[in-house]
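Across the two complexes that follow, chain A remains constant while its partner is chain B and subsequently chain C.
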Partner chain A sequence: MTASRRLLPWLLLTPALLIFAGLTLYPLGRTLALSLFATDYGFENAKFVGLENFQELWDSRFFRQAVTNTVVFTVVATVLEVAAGLGLALLLNRAFPGRTLVMTLLLAPFVLSTMVVTAIWRAWFHFDLGFLNNLLRAIGLPGVPWLFDPNLALWSIVLVDLWQTAPFAFLIIFAGLRLIPQDVYEAARVDGAGPWRRFRDMTLPLLAPYLFVAALLRSVDSFKLFDKVYAMTGGGPGQATETVSMFVYRQGFRFFDIGLASAAAVVMIVVAGLLAVVYAASLLKGAGR
Partner chain B sequence: MIRIIAAFALCALSLIPLLWMVATSLKPPAEYISTSIALWPQDPTLAHYRVLLDSGMWRLGLNSVVVALGTVGLSLLAGLPAAYALARFELPKRFDIVFLGFVLVIKLAPPIALAIPLYQVLRALGLLDTHLGLILANQILALPFAIWMLLGFVRDVPYSFEEAAMLDGAGFVKRLLEIVVPLLMPGLVATAVFVAIMSWNEFLFALLFIQTPSKFTLPAFIATLINEDETLWGRLSAMGLIASLPVLLAVGLVRRGLTREVSVDQH
Partner chain C sequence: MRTIGKALGAMLMLAGLSLPAAAQDRLVIAGRDAGFAPALAKMVELYQAKNPSVKIERLELGGGPLYERLAVGAREKTAATDVAMLDDIWAPEFMARGWLTDLGTVGGLPGEFVKSAMDVSRHDGKLYAAPFVGNIAMFAYRKDLLAKHGFERPKTWSDVVKAAQVIQDKEQGVSGLVFRGIKGNPIVTSFLPVLWAHGGDVVSADGKAVLDTPAAEKALTQFLSFKALAPKGVETYNATELRDAIQQGRAAIAVEMWSSWAGTLDGSASKVANQVEVVATPGEVKGPAPMLGAWLLAIPADSPNKARAADFIRFVTSPENQKLIALETGNPPTLTALFNDKDLVAKYRWYPAQLEALNVAQARPRISQWARVETILGDYLQLALIGQLQPKQALTEANAQITRALTR
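Right after this comes the complex of A and B.
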């Protein structure tokens, strides 16, 4: 009984452990190892080069541009999405007829395939015939080169991301808003605090953990940005929308510089690991309360 | 009152792109290759849908279904026992914390960062360019998610029910199948729907690990349509709508679950 009882949990964990071992631990280790070699496929004919791949990354203007774009995209998209999510949550906080319908419809963009989202918006961004420029011209404004202008392309992708994922930030923040006890506000109202004071001094601080989680999850996701760039701009014009994910894809699956691609992948994993630590810490803090 | 109007206006605004897709899928090319801002088609046609059906795209839909079912099945089969073990047993040396931490890192890690060695693993197994290979690769996204979500649901099943059954002499498997699984059904369904949507929409692995066009899933096919011709918007919209319908129908079903997932993330 005791022996089987001790074994049972491990038996139950075995399928998951096998999948993680084969499909994540081994690939992780292999990525780490490959990043130290000059190779176009595996370890056969590979030459050990130590940290040279990382040196090459550091020196690569291309990679630095990809990092800059990814960081800018992540910060801007996250801030805008959390702000939009907060706005929506406050707007929908008080019950009104049709609220459930509105909430369900608002979630629609979030559940669509990113490829479908990209298909719509790439058509909308078309310079000559796109819906957005048709609208602008209809009210007498000039068309905007949404995806052709290197200074604008990344912002156009931010706009698409905002449309698609603000509902996700909304969900988290809304869940937090529902948990704020109403008597807190009663007390504040008795003390004569106006709506703005109540928002600044009560709602915002009480909501802070949820805003934080929403921001964290959105930045983790934005940091991976690939699909939209792949199908909308291919990283262009020039390198204006190149991201770290695109860089790994290009080096690994187009130029077959596996060593360099793996080094870039290692950089991504380290950043993801750091974000995971921050996230785990916030989860544990939440559990401790 | 202003609040309600604003809510409905924002909602309508955010649905315009979807409305555009529905309308464009029904427009003849002369109507969408134009500078008109009219959303609704004047001369609606089903030609784009017919072209897609005739070209055998239903087989690509079938590919997506097969991959989604496989991904859901495997992630539940591996995820439910794992979640149960983590919820019910004392694991040594805080193994559960380490395990869940690892699962979290995988959940947050960029898939592209694992894609190169994964490509080599699938190739070594002879699973490159197969749906089984894609189902396995999808576990990287699906399994961490399934474990985290199911963990919360299992914890919500009172252990006392199982203890009562144990007193009646029910063995572990009997307990699991006759008590835990039925009580867990809503959670299992919610998890399955989420994983199915995730798999249905997945693009990167499908792009990298499937090479034969007839084996493409819908997102991979849509990507080729996007790049094939800049303005085949009628066909593209029809395809996008077909690919979105199952998910949009599920959204009502999932809405409650979505809030639930958020609360799982909070714990």
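Right after this comes the complex of A and C.
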């Protein structure tokens, strides 16, 4: 192979690598560097402090709570949304009168803006006047302190997220379900496989790539949770719904403490990176199979 | 090819020529949303009618986003804003960092303004902002319910607790009192008049954190006792929920009633029209300390249209326009004489009391780190409110965090 032939792939890759370096590696490197400084937004009087910002994060009860909340939210919301998406896809895969209408109604929350969704749910969650508590009281149950009980607030936000984004998981899984050839099921029926067996041994394995993509996209999005919390609880009550994104935003754009915000962002990148590694490994394993 | 080149050249020349003119005739006004927006919108409409050649752009933002936009713009020197609406608690930072224009250099500001609002507009003897909305945290109570149960106007916070307890026990479906419990600025502004009335403070005059005192602990203990008298879910209450609770007769006392919210108390949407008295906040071991919450208009130091911006600010703060704003939008004025104007008093019966409160109003600490200090205090107040920290522990931890914030 001549030298020019060996260089050609690199030459062709150069524009993409330059863009990647400029838009991803440079900001990452700069964030990492800033996390080692005590510095203001304007980078005036920047002072090298080593790992002090990370030590401060470790000592901060607020940051520890934010990390816990973020991880719990990501795992629970992703699992529930994919499960709900799968359930809905299986239900709507059968023909029945009014299926188009049901599907339209189902997809409506996904096309609403998050601010509209949070405004609707804030009203529904109102303890005295909200639709949900009125419904509970109508059947003789007590009202639920949806957003002001610190043990319940994060789950209430999970519920809102589920309502808004389960349709997204549904769309991906439903598309996968429609691509499964029906003759496979017919053959299984002939062989005497029951509904549960067909679901366990055929539907689930054939849907696995779609479930994986839905889980990947939902977990990445859930990990960045910011807008719903910002609009519904401001991170409260107490720190019950504070997320790492909110912590970074507050340190960076309310207090302009760029060093500490960068350190928190680095922690977030590391956790997200670990998630990405798991996903990438699974993807490559799947591709190699 | 040559034709295309000529056309491009001509376009560039035209663009270049039009830039200075566009900059001179433009006015970008960044202001608050919600109840404050109609006031600025009305002023823009009237100013535009008088100056049709000026291209005015008005931005409407929530408190947090407005602060961020203005602070980032000032740090980056974006020259993107000509008139900035500032909360008085942001003013010390903006003035100390040199982010605002000395109004004395652009024609000054005529008119006799309320002294406390004027004080927060000055820095080192120079006037950097114009008092625009004379907001002040007042106290509101249902005079019919208090009279029914044998209470007079509460003079202390202890009186408030007593009256609220009796009303809550005896009036079906009515909470004794209501306050803003959501974390951040709302819970802090609810708490500060109680803290000050107990003789406590957040930051001393020499800039040190002073929350770990017996006075502050007593104040917080009393403030936390309000929760049992408030509607369920008060931890998430902000201005809308508080106003609704009072106007719909679901609460008897509002621990804070900002004068810009009070405009609709006697309106058709209120179920308690003419039954709510709006007065200065109660005292406790010290006299009343009503909290100033003035909104100011200022010209960023990097504004390219300072003369035009100053002209707009003088227009907005003129007596006739301040009166018009108050009458049409309920935003209280900042010119002293207007609080006794017969048309305004006919519509807002509490204006004379409000002027008295404004004259003794206490501003929040004049420190450039207040945004951060307020957030820290708000976080710990909420942890105490939901029972995750004892008052003393909350104050001690908040004090340590505030001490750190003040040194950064």
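Quick note on the criterion: the second predicted complex is superposed on the first by the 232 of 289 C-alpha atoms of A that agree within 3 Å, B and C clash if a C-alpha of one lies under 4 Å from a C-alpha of the other, contacts with A are read in each partner's own complex, and residues count from 1 in each chain.
Following the convention adopted for this analysis, contacts are C-beta pairs under 8 Å (C-beta built on N, C-alpha and C of every residue); 3 or more make two chains touch, one makes a residue touch a chain.
Predicted, not measured: the structure shown is a model, and the values here were computed from it.
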Based on the superposed arrangement, let me know which partner A:P150 touches: chain B (first), chain C (second), both, or neither? second
Let me test your reading of the model: by the given contact rule, A:A46 touches which partner, first (chain B), second (chain C), both or neither? neither
Given the touch rule stated above, what does A:L162 touch, chain B (first), chain C (second), both, or neither? neither
Looking at A:G235 after the superposition, I want to know if it touches chain B, chain C, both of them or none. Which is it: first, second, both, neither? second
Comparing chain B against chain C, which has contacts with more of the residues in chain A? B
Contact-wise, after the overlay, does A:H126 reach chain B, chain C, both or neither (first, second, both, neither)? both
Looking at the overlay, does A:D257 come into contact with chain B only (first), chain C only (second), both, or neither? second
Between chain B and chain C, whom does A:A38 touch in the aligned arrangement: first, second, both, or neither? second
Would you sort A:F62 into first (chain B), second (chain C), both or neither based on which partner it touches? second
Starting from the residues of chain A touching chain B, keep only those that also touch chain C in the other complex, and list them. 41-42, 126, 128, 253
So in the complex, the part of chain C that touches chain A is made up of which residues? 64, 67-68, 71-72, 75, 182-184, 231-236, 241, 250, 371-372, 375, 379, 382-383, 385-386, 388, 405, 408
Any idea which chain A residues touch chain C in the complex? 38, 41-42, 62, 126-128, 143, 145, 147-148, 150, 233-240, 250, 253-257
So in the complex, the part of chain A that touches chain B is made up of which residues? 8-13, 15-20, 22-24, 26-28, 30-31, 34, 41-42, 88, 91-92, 94, 96, 98-99, 102-109, 111-124, 126, 128-129, 131, 134-135, 137-138, 163, 171-172, 174-175, 213, 217, 220, 223-224, 226-227, 230-231, 244-245, 248-249, 252-253, 258, 261-262, 265-266, 268-269, 272-273, 275-276, 279-280, 283, 286-287
Footprint of chain A on chain B - complex, ascending: 3-4, 6-8, 10-11, 14-15, 17-18, 20-21, 24, 32-37, 74, 77-79, 81-82, 84-86, 88-89, 91, 99, 101-106, 108-121, 136-137, 139-140, 143, 147, 172, 197, 200-201, 203-204, 207-208, 218-220, 222-223, 225-227, 230-231, 233, 236-237, 239-240, 243-244, 247-248, 250-252, 254-255, 258-259, 262-263, 265-267
